[in-house]
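Consider the two complexes below, in which chain A is the common component and chain B and chain C are the respective partners.
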Partner chain A sequence: MSSELAISRSIEQSDLAAPNTGAQLLRRTWRAVVPILWGLVLPAVVLPVWFSGAYWGWLPEQILPTPAEVWGTLLEMLRSGELKMHTGISLLRVICGFAAGTVVGVALGAAMGLSSRIDDYVRPFFTAIAQVPALAWIPLAMLLLGIGEALKIVVIAKAAFVPVVMNTSAGIRNVPKEFVEVGDTFQFSAWQKLRLVVLPGSIPSIFTGLRYGLTHAWIALVSVELVASSEGLGYLLVWGRQMFWLDTVLVSMIVIGLVGFVTDKVLAVVEQHLQRWRIDDA
Partner chain B sequence: MTLNSAGSETTPRLAFFRGLVLPVVFLMLWELSSHSGLFNPQFLPPLEKVGATAWRELTNGELLSDLMVSLRRDLTGFAIGTGLGVAVGLLLGLSRIADRIFTRWFNGLKQIALLAWIPLISIWFGFDESAKVVFVALAAAIPVILNIVEGIRLTSRKIIEVGEVFRFNRRQLIFLIYLPSAMPSILTGIHLALIYSWLATIGAEYFMAAGPGIGGLVIAGRERFEMDLVLLGIVVLGAVGFTIDRLATWLEYRVIPWRRL
Partner chain C sequence: MTGHLDVQRVSKSFRVDGAVVEALSDISLSVQPGEFVSIVGPSGCGKSTLLRLLAGLERGFDGDILQDGKPIVGTSLDRGIVFQEPRLFPWATVRQNIGIGLQNAPINTRQKEETIAAHIALVGLQGFERAYPHQLSGGMAQRAAIARGLVNRPQILLLDEPFGALDALTRGKMQIELQQIWSHEKITMVLVTHDVDEAVFLGDRVIVLAPRPGRISRIFEVAAKRPRSRTDDDLIHIRNEVLLALEGQDRAPQPVGRPDRPLIAKPAA
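Now for the complex of A and B:
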């Protein structure tokens, strides 16, 4: 693959080095612009309809605020720091819950992956707990933990925990036996085998688990903030709904989508970085 | 995988008994601590009380009627969502123009955590049954669309070339090449839709207006501090989710037997 990479690199370089005639430049710009133009078709249709709908009052404002209002609310909430405060609180909760769920999850998953005895003991119980989604545990957790920070952290941690355990144990279990045998041949100690064979071999699967875990954690955050919270993005949603401020609701939804997207992308980049040794068959 | 490449084998029988240990210990601890008087029995009702509640709810028919309401909500939303999802997914997958116009925006929309739609939907569709069904339908449609588009896009270049060699027209290409080849993805999407619509049913019953349904039962139990009712409801929620998933796996296997997991 390294040779392939070298070839593709050299192609890129020669492409860059090629004389940029005017026609070529034009074609390249055109190729970059076309998808953007296509992407603008939908807003070009939707925004005027939305504007005129709001302008002529086809729908009451509580049902559909004007785009300008939503934009204004977004700017206003940015300026007042309100949005930053709520997003910060939500992020902090997700990070704490995700960290707790991940640490416990990787430890348990690794134990289950390394020892089939532990797996035998734990898996049925784990499966039973995993069957009930984090969302469904909320009322029970509220009875046991109240509606404070502990509730949020526990629910989020549970959401992240399940996919992390499943993918970590599967990843370790699926490290090819041959790899371990190579380790035996080199007379690796158990620790060396773990660090040099098992860990690199299971990293892709573990990261799949982490990404699922983060997605689930984010969903769990929104749900737990919908029920019991006096700050955070989920609270903004509930508050907006109660006051019939649809602009606030829409802004919160956009921010929730953006944060989910960005955090997933960050993990994807980390994942790629950790897998740079990997040989691609494609 | 064990660190010694010569792993030890265990019999399934032994594995089964080992699997029983934790649940049994857990339940015994529960029962003991519940009777010890150290904990408020309101938070930790003894198992026999949970059992009695389950029996009562079963025999007076309330549990079943709640279950039926939830399942109907779930399946209605699922049917609507999957139907729309298949239509939209095929459109996005097969029409290049639709793909260029909509796919990017759809990918943006799907970033929004599912539950975050609840306030908007409950403002737009009121607080009654229709809002819940719309939410469930949305939850079902998203994975269907994603997987259909993905399945069509991943159709092997080689198979398409075979179609071109046979001079297939567009309709033949769609029905003889794209759809069969995307079938496993489509079914995966529908399978996911079943799982997500049950999740959304729970979410709708928890967060939208209270009403009949298993979720409503749990919420009512929480408000009245009846832990036994909450536990019963959660066990039922989990059992239904489990059954739905198993059924879907079985069906998927029946429809395309050539696909082994």
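Now for the complex of A and C:
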């Protein structure tokens, strides 16, 4: 090995493996905390506005309850187990619907991404279906499935299914041909190409689809519970509005937002784990 | 000794917007086992197409391409290739990327691990086994790609402008390393490049291609002894000859095979 090479290697190595000092650890922690602080700016603006609005009576108390009142209702609903029941039912519906929509969606999206023949067959019909929002499917679905759990799960599954199919097929199609050619030069079988090249290459896009799908699933859940349910967070919303209990309405809105936020974060963590190669360990 | 390549009267055409464009015309070339052949020519002379034909990545051509007497059909583990871009999988580490080359090798896991480690050492990437491609410099990424091309012991390594995207300093260093690997491994190498210095520095022979359609215009023997020095008089002399041959292509009237179509005039310099 030439000395020229050895020198270059030691330079490059020091670039990659910087010493892990205490100051660096502090910097890294700080860097992780800063985006969270930025994310708290907007809530920190909205909350005082709500406080002042309620305090000075900008809106009638029936329409805008005070934060303290909403907080009290939240605690009470927690204590009575009411909130837990409604949240549990909604969560279960989202999980079942999202799982069904994702499994079918990834399979169809993969088939469309891998075979342009299948894509030609399915794409026009799929696009037409995708344009009709979940809410608009409810009347027809209700007649076919009744108003039981099947209806909710099918509507939620459809909502999750659409973005999953679109992003999976696009992700698979966009795996660079150059990478597939590398597989060709090593005599990869079709299965090896799928497992070692196409799937890993399309995971970022598939996950984008999953996260959109989850958001859409929550939206569809509230829609379907608004129309046809006697429990769940969407039902709680409608019921609160009908009784003019705006504190209940706000509590359900906050819980929907929080649960949606947490489930999205869970997906983000899974995604990060699957894509460690994307994380810059600088 | 294996690793003999025989190209017999090979022509290759592409269909571009309905018109047939001849990329290679009547190429005949024989590469001896263990030889280092450089193919040099201006862009558009079909040199990359020729290399892809040798790799088995292009189908549909006239003539015969034989490796050790057997026609080349599709790709083969006997022929490794290094592309201009490293083409490392961004989701895999250096070690995994090199291991890609051993997926279909008939050896057990422990032998694979040993072979991968040996090739990481061969290209000087020890300590970077677990690095991802985005953490590597251009030169390191290309070294990993060379290791991947070599890892399952092909008899022939095809190199398609492997250092074209590197800066001049790194390129010079990589040429020296490639020369060391070649003399160490004693396998046949075919290098396609547009860099005349590189072609002459590395090649036992330099094949000069002329464009439109791609055809062999000159073949130079480079007899200088190895390891070579860039300042070697013989090398400089041959380099000048090759440059003259390439310039001559520009000045000589182009034998374009389609007189029924008007030639596009070149703008005056």
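In this text, the second predicted complex is superposed on the first by the 216 of 282 C-alpha atoms of A that agree within 3 Å, B and C clash if a C-alpha of one lies under 4 Å from a C-alpha of the other, contacts with A are read in each partner's own complex, and residues count from 1 in each chain.
As a working rule, a contact is a pair of C-beta atoms (placed from the backbone, for glycine too) under 8 Å apart; a residue touches a chain by one contact, two chains touch by 3 or more.
On a predicted model such as this, the values are computed, not experimentally measured, just so you know.
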| item | value |
| --- | --- |
| First, second, both or neither for A:A128, with chain B first and chain C second | first |
| First (chain B), second (chain C), both or neither touched by A:A268 | neither |
| Contacts of A:L144 with chain B and chain C, given as first, second, both or neither | first |
| First, second, both or neither for A:A68, with chain B first and chain C second | neither |
| Touched partner set for A:L26, first chain B, second chain C, both or neither | neither |
| First (chain B), second (chain C), both or neither touched by A:T185 | second |
| Touched chain A residues, chain B compared with chain C | B |
| Residues of chain A that lie at the interface with chain B and also at the interface with chain C | 181, 184 |
| Complex interface listing, chain A residues touching chain C | 1-2, 4-6, 8-9, 12-13, 16-17, 178-179, 181-188, 192, 196-197, 200-201, 203, 275-278, 280-281 |
| Sites on chain C touched by chain A in the complex | 55, 57, 75-77, 79-81, 83, 85, 87, 89-93, 100-101, 103-104, 124, 126-128, 131-135, 137, 139-140, 152, 173, 176-177, 180 |
| Interfacial residue positions of chain B with respect to chain A in the complex | 1-3, 5, 7-8, 10, 14-15, 18-23, 26, 43, 100-102, 104-105, 108-109, 111-120, 122-124, 199, 202-203, 206-207, 218-219, 221-222, 225, 227, 230-231, 233-235, 237-239, 241-242 |
| Chain A residues within the chain B interface of the complex | 35, 38-39, 41-42, 62-63, 113-117, 120-125, 128, 131-133, 135-140, 142-144, 172-175, 177, 180-181, 184, 190, 193-194, 198, 218-219, 221-223, 226-227, 233-234, 237-238, 240-241, 244, 246, 249-250, 252-254, 256-258, 260-261 |
